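Contents: one structure, followed by commentary.
As written, the chains take the letters A, B, C and D, and residue 1 is the first residue of each chain.
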Amino acid sequence: MNKFMNSPSNYVDESLSGLVAAHSDLLRAGQTGRTIVRRSGVRRGKVGIATGGGSGHLPLFCGYIGHGLLDSCAVGNVFEGPTLQSCVDAIDMADGGAGVLLLYGNYGGDRMNFEMAAKMARVAAVRSVLGTDDVASAPRQERQKRRGVAGLVLAFKTAGAAAEAGACIDDVTRIAEKTVASTYSIGLAWSGCRLPAAEAPLADMGSNEVELGIGIHGEPGIWRKPMGPADALVDEMIERLVEDRGNPGEGGRAVLLVNNLGATPVDELYIAVRRAHEVLTAKRIAIAQTFVGSFATSMEMAGLSISICFVDRETEPLFIAPAASPFWRVQ
Amino acid sequence: MNKFMNSPSNYVDESLSGLVAAHSDLLRAGQTGRTIVRRSGVRRGKVGIATGGGSGHLPLFCGYIGHGLLDSCAVGNVFEGPTLQSCVDAIDMADGGAGVLLLYGNYGGDRMNFEMAAKMARVAAVRSVLGTDDVASAPRQERQKRRGVAGLVLAFKTAGAAAEAGACIDDVTRIAEKTVASTYSIGLAWSGCRLPAAEAPLADMGSNEVELGIGIHGEPGIWRKPMGPADALVDEMIERLVEDRGNPGEGGRAVLLVNNLGATPVDELYIAVRRAHEVLTAKRIAIAQTFVGSFATSMEMAGLSISICFVDRETEPLFIAPAASPFWRVQ
Amino acid sequence: MMVTSQAIVALASRCAAAARSMESDLNLADSRLGDGDTGTMLARLLTAVEATAACGNLGETFRAMAKAASGSTGSSLGTLVSAALLAMGRSCGDRASLPLTDLSILLKTARDEMLSLGRSELGDKTIIDGLDAIAISVEACTRPDEIASAAMSAAQDAIQEFRGRPCRVGRARLWPERSMELDDPGMLALAAIVQAVGTKDS
Amino acid sequence: MMVTSQAIVALASRCAAAARSMESDLNLADSRLGDGDTGTMLARLLTAVEATAACGNLGETFRAMAKAASGSTGSSLGTLVSAALLAMGRSCGDRASLPLTDLSILLKTARDEMLSLGRSELGDKTIIDGLDAIAISVEACTRPDEIASAAMSAAQDAIQEFRGRPCRVGRARLWPERSMELDDPGMLALAAIVQAVGTKDS
C-alpha cells in the first residue's frame, strides 16, 4: 500500500497548503497554521460553527468550511486529535459575536482539546455537540459513548444552514443535537489504510474478507466474514440502523448518505444506493434526499458507510438550503 | 481486490439504477435503459451535447449531465464502448432542434458506435469532437491518436456553458475543439483495478511500484519504477505536459485539474496540488482555477492524473459559468 | 452441402461455448497492452448471438445476430463483429442458403466492412488479418472438413506470420515495440475459436 | 540528590530515545483495538519535549515541556501527557529543585489531572493505572536506583495485574471482551519507557 507523499512528517501540512492553494476561499490561520477558516471571516452577528479532528478523513473536516456550513476547523495529524492551540484558534476565529458551536466527533483527544480550548478561548458563549452516530461502536443504551463518523456531516449541514439563516446559538445547538440524535451510521470495509509513518496497513484484511462496523480509523467492527453479495450486506447494514432507532423503527422521512470510505469505485456506491432505496421503501421510510460520494473517508480504505438521518419539518428544509464549501455545494 | 457487487453481469445496470434513484434530475431512457438523460429534457433551441463511454469511470461520463454541462450519455459495460442503440438514443434525446455535439473520448469502440449512430439518428446537424488529452498515449505529431482521459471533463464544462448560454452548434463545436486542443493530461498509478468479471487486477503492480502514463483502463504507460517522493513525480508530470505544449511551453493562463483515479486519499491529491502550483508558478503559468477530486476514475485504481488546460478570454469565463450535475456544481 | 440459417446458428453455439471456455485466457492476452476485457466481451457477445433463432432466410438470420451482438457490447472488437454480421446479412439478402464455395466471398465482405469501420488496413495486426487469411484459405474448398482444416491452419499461420510485427491499430498501437513480441488478442481469439469449432468438424 | 530542571530534560531525552526505538511495536499494540498511532505519536511528542531547554525553575521547565507536547499532537494520550506536564509545572511553581522524596506526590498530581481530563477512573486499564502504580511504588524511595527499580517493577506488575480485565475508556472500551486479553497500549508504552530509562540508571 503505497503513499503518495514526500515524507510522513510533512503529510498534513503539505496537504493543507494544497487545499488552500486550490480553494482560495479558505485560509490556513492561527498560531499553528493548523486552523482553517473562511477567507471572508464570519459575518457579524452569525453564530459561528467550529469543528476539528484528525487528518486522513477529507473532506471531513475542513472540506466543509464555507457558506451555509462551517466557519473554522482545527486540523490534527493523521488520526490524531487537533492540538489545543489549533482548537483555541478555531473557536476564536469562528466568533461573529453571537456565540460559537463546537461540532465534532466523539473521540477522546478531540474532546479533551476542545474542552480545554473552550475555557481558554475569548468567546463567551461556547456550546458543544459531539457526533455519536456509529451504531457499531457501543450499544444503544450507551449512545453517548459512540464514535462520530460520516453522519456528522449531516449535522454540519443542518446547523450550518440554521446559523447562516440567522438562528441564535441556542437554536443552532438544538438543531445540531437533534440531527445527531436522529442519525444512525454503520461502516463496512474490505481493505484497510496505511498511516503515513507506518509500514503496514491498519485493519489488514484477507483478500476476500469484509468487516462490518469498522471505524474510520480502522477500529475493529462487529464481524469479519468472507465477502458476500452487495444486497445482503446493505440489507444487514440498514437492518441494524433501523433496529437501533428503536420503536417505531419503520416509517418516517429520512436523508440517506452512502459514503465512500476511500477506495470504493463510485459504481459500487450506487449499487449500494439502489438496494438501500429498495429496503428503506419496503420499511415505509420515505427518502427525502440521497447523498452519495466521499464525505468522510479513512484515506485509502476500501469500503462504504451508510447513514440515515430522520428528518422533521424543521430539519428537512435545512438540507436543501444553499451551501458552498470545497466539497459540498447545494444550490 | 474485492468488488462490492451482486454479480458482474448486473454491475452496470444496478449502478445506473442507484444513480437515478439518488439523482432525480436524471433518467434512464432509450431502448436499452443505457442512455441517461436530464429528466427535464433539452431546452428548445439549445444545442445538445451527448457523450458516452464505458462504465467504471464515474463521475465520467453520465455524472456530468445537467444544467451547463451535458444533455445525454450512452453507457457501455465496464471499459467497453456504449452499444450502437444507446448511442442513437443519446443523440436523439439530446436534440433540442439546434444540433447535437458528440463529445467523447478517443477509443475505437466509442468512435465506431457514435459514427454509425450519427448516421442513424434523426438529428440533422451532428458534430463530433473527440477527447485526445493523454500525452502519454502517442507522440505529439500524432495527437489525434491519443486517448481521451480526465481532460475531457474540461471540454464538457466549456462546451456545456457555451451551449447553455445559447451558442450555435458551430460555436459549441469550436469551443469544444479549442478546449481539447489546449488540454494536456498524464496519469500516474501505484495500484490497479479489477474488472467485475475478472479474477485478477488489471495492471497489477508490485507493492512499491508506480507507473507513469498509465491509461484509465490500465493501458501500459511510459515507465514503471519504485515509488518516489511526490514532488519529484509531480515535477516530471508537469514537465511532460508543458513540454508537450511545444513553443512557448511556459507562460499563459491555465486551469489545473488534479484528478483521483480512484483510491487515492484526498490528502494526497492536495500534496500533488501544492507542488503543481509551485511548479506552474515557476514556469510563469498563471492558474486561473484548480479542480481537485474524482473527475474521471478507473474504479479502484490508486493514482492520480494531472491535466492542464490553457485558457483564453473566451474559454476562461466558461469555467466559472453556473453548472449543476450530480458531480460538479459551480455557482 | 450448403450454408443455411440452421447451420449458422449451430456454428454460433459452438463459437459461444469455445469463447466461454477461454474467457480468462483472452482477458489476460488483452491485459498486456489493452484493457483486459476481450475474453469477457466475446463470451458475452457470442452467448447473445447463439440465442438468436434461425430466421426464414440468411439475411434475416445474420441481421438478428448482428442486433444481438451490437446489443451486447460497444467494444472495438464487438462492434466490428456486429458490423461484419450485418454486412454478411446484407450480402446474403433473402437467400435461404449458400453453397459452401461462396463462404470465402462472404468472409471477404465481412473483412472489408471491418476494415472500413475500424479505419484500419490489412497488415495492422488485428483480427482482420486473421479473417483475411481464413477467407483466402477457403477459396478453393468445397467440403466442410476441408474448410475446417484450411481455416484452422490459416488462423494459426497468421499469428505466426505477425510475430515480430508491430500492432498498428487498437489500444496496442501505442506500443509498437512491445506489441511486436505479443500476439494480437483479436487474432488469438479468432484462431482459438476456429480451432475449437473446427476440431469437432473434421 | 534532587530533581532539577536539568535532570528532567535529561530524562526526557532518554524517554524520547526509548519511544523512538519502539515506535512500531506500540503502533502495533494500538492497532489491535485502536487506530495504530500510539507509537508514532509518542515518539513525536517526546522528541518535541526533549528539545525543550531547561528553564530557571521547575515550573517553567514543565510548562515549556507541556507546550512542546501539546503542540505536537492532540491525540488522547498525548493530550493527557501534556496536561500532566502542565499540572506538574503548576505544582512545582518557582522552585528550582525538589527532593526525590517528593517525586511520588508529583506523579500523583499528574495522575489526578489525567483522570479528571480523561474522565476516567483508576481501574479503567489505561496508562493512568500504570502511573498510579509507579507513584505509589516510589513513595518510600530516597535513591535514584531505588526509584528506578521500584518504578520498573510497578509498571510491569500493573500490566500483569490488568491482564484479564477489560478496558473501560479510550477506543478499546468498545470491546470489553477482546480488551481483556490485550495489554493496554498506554500501559505498555509507560512500562517500556520506564524500563529503558531505568535500566541505564540502576
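Worth a mention:
Throughout what follows, a contact is a pair of C-beta atoms (placed from the backbone, for glycine too) under 8 Å apart; a residue touches a chain by one contact, two chains touch by 3 or more.
Since the structure is predicted, the reported quantities are computational estimates derived from the model, not experimental observations.
Taken together, chain A and chain D share no touching chain. Work out the mean CA point of chain A and of chain C, and you get 53 Å between them. In this assembly, the C-alpha centroid of chain C lies 74 Å from the C-alpha centroid of chain D. If you average the Cα atoms of chain B and of chain C, the two centres end up 32 Å apart. With touch defined as above, residues shared between interfaces to two or more other chains in chain A number as follows: 78. Taken as a graph of touching chains, this assembly forms an open line, each chain in contact only with its neighbours along the path. Here the chains touching each other pair up as A-B, A-D, B-C.
Of all residues in chain D, only 23-24, 27, 31-37, 40-41, 44, 70-80, 82-83, 117-118, 169-171, 173-175, 178 touch chain A in the complex they form. The touching residues of chain B, when paired with chain A in their complex, are 1-7, 11-12, 14-19, 21-23, 55-56, 58-59, 63, 78, 190-191, 193, 207-210, 227, 229-231, 233, 258, 262-275, 277, 290-294, 297, 299-300, 302, 304, 322, 324, 326-327, 329-331. Residues 8-9, 32, 52, 54, 74, 76-87, 107-110, 112-113, 115-116, 137-138, 145, 147, 195, 197-199, 202-203, 215, 217-220 of chain B touch chain C in their complex.
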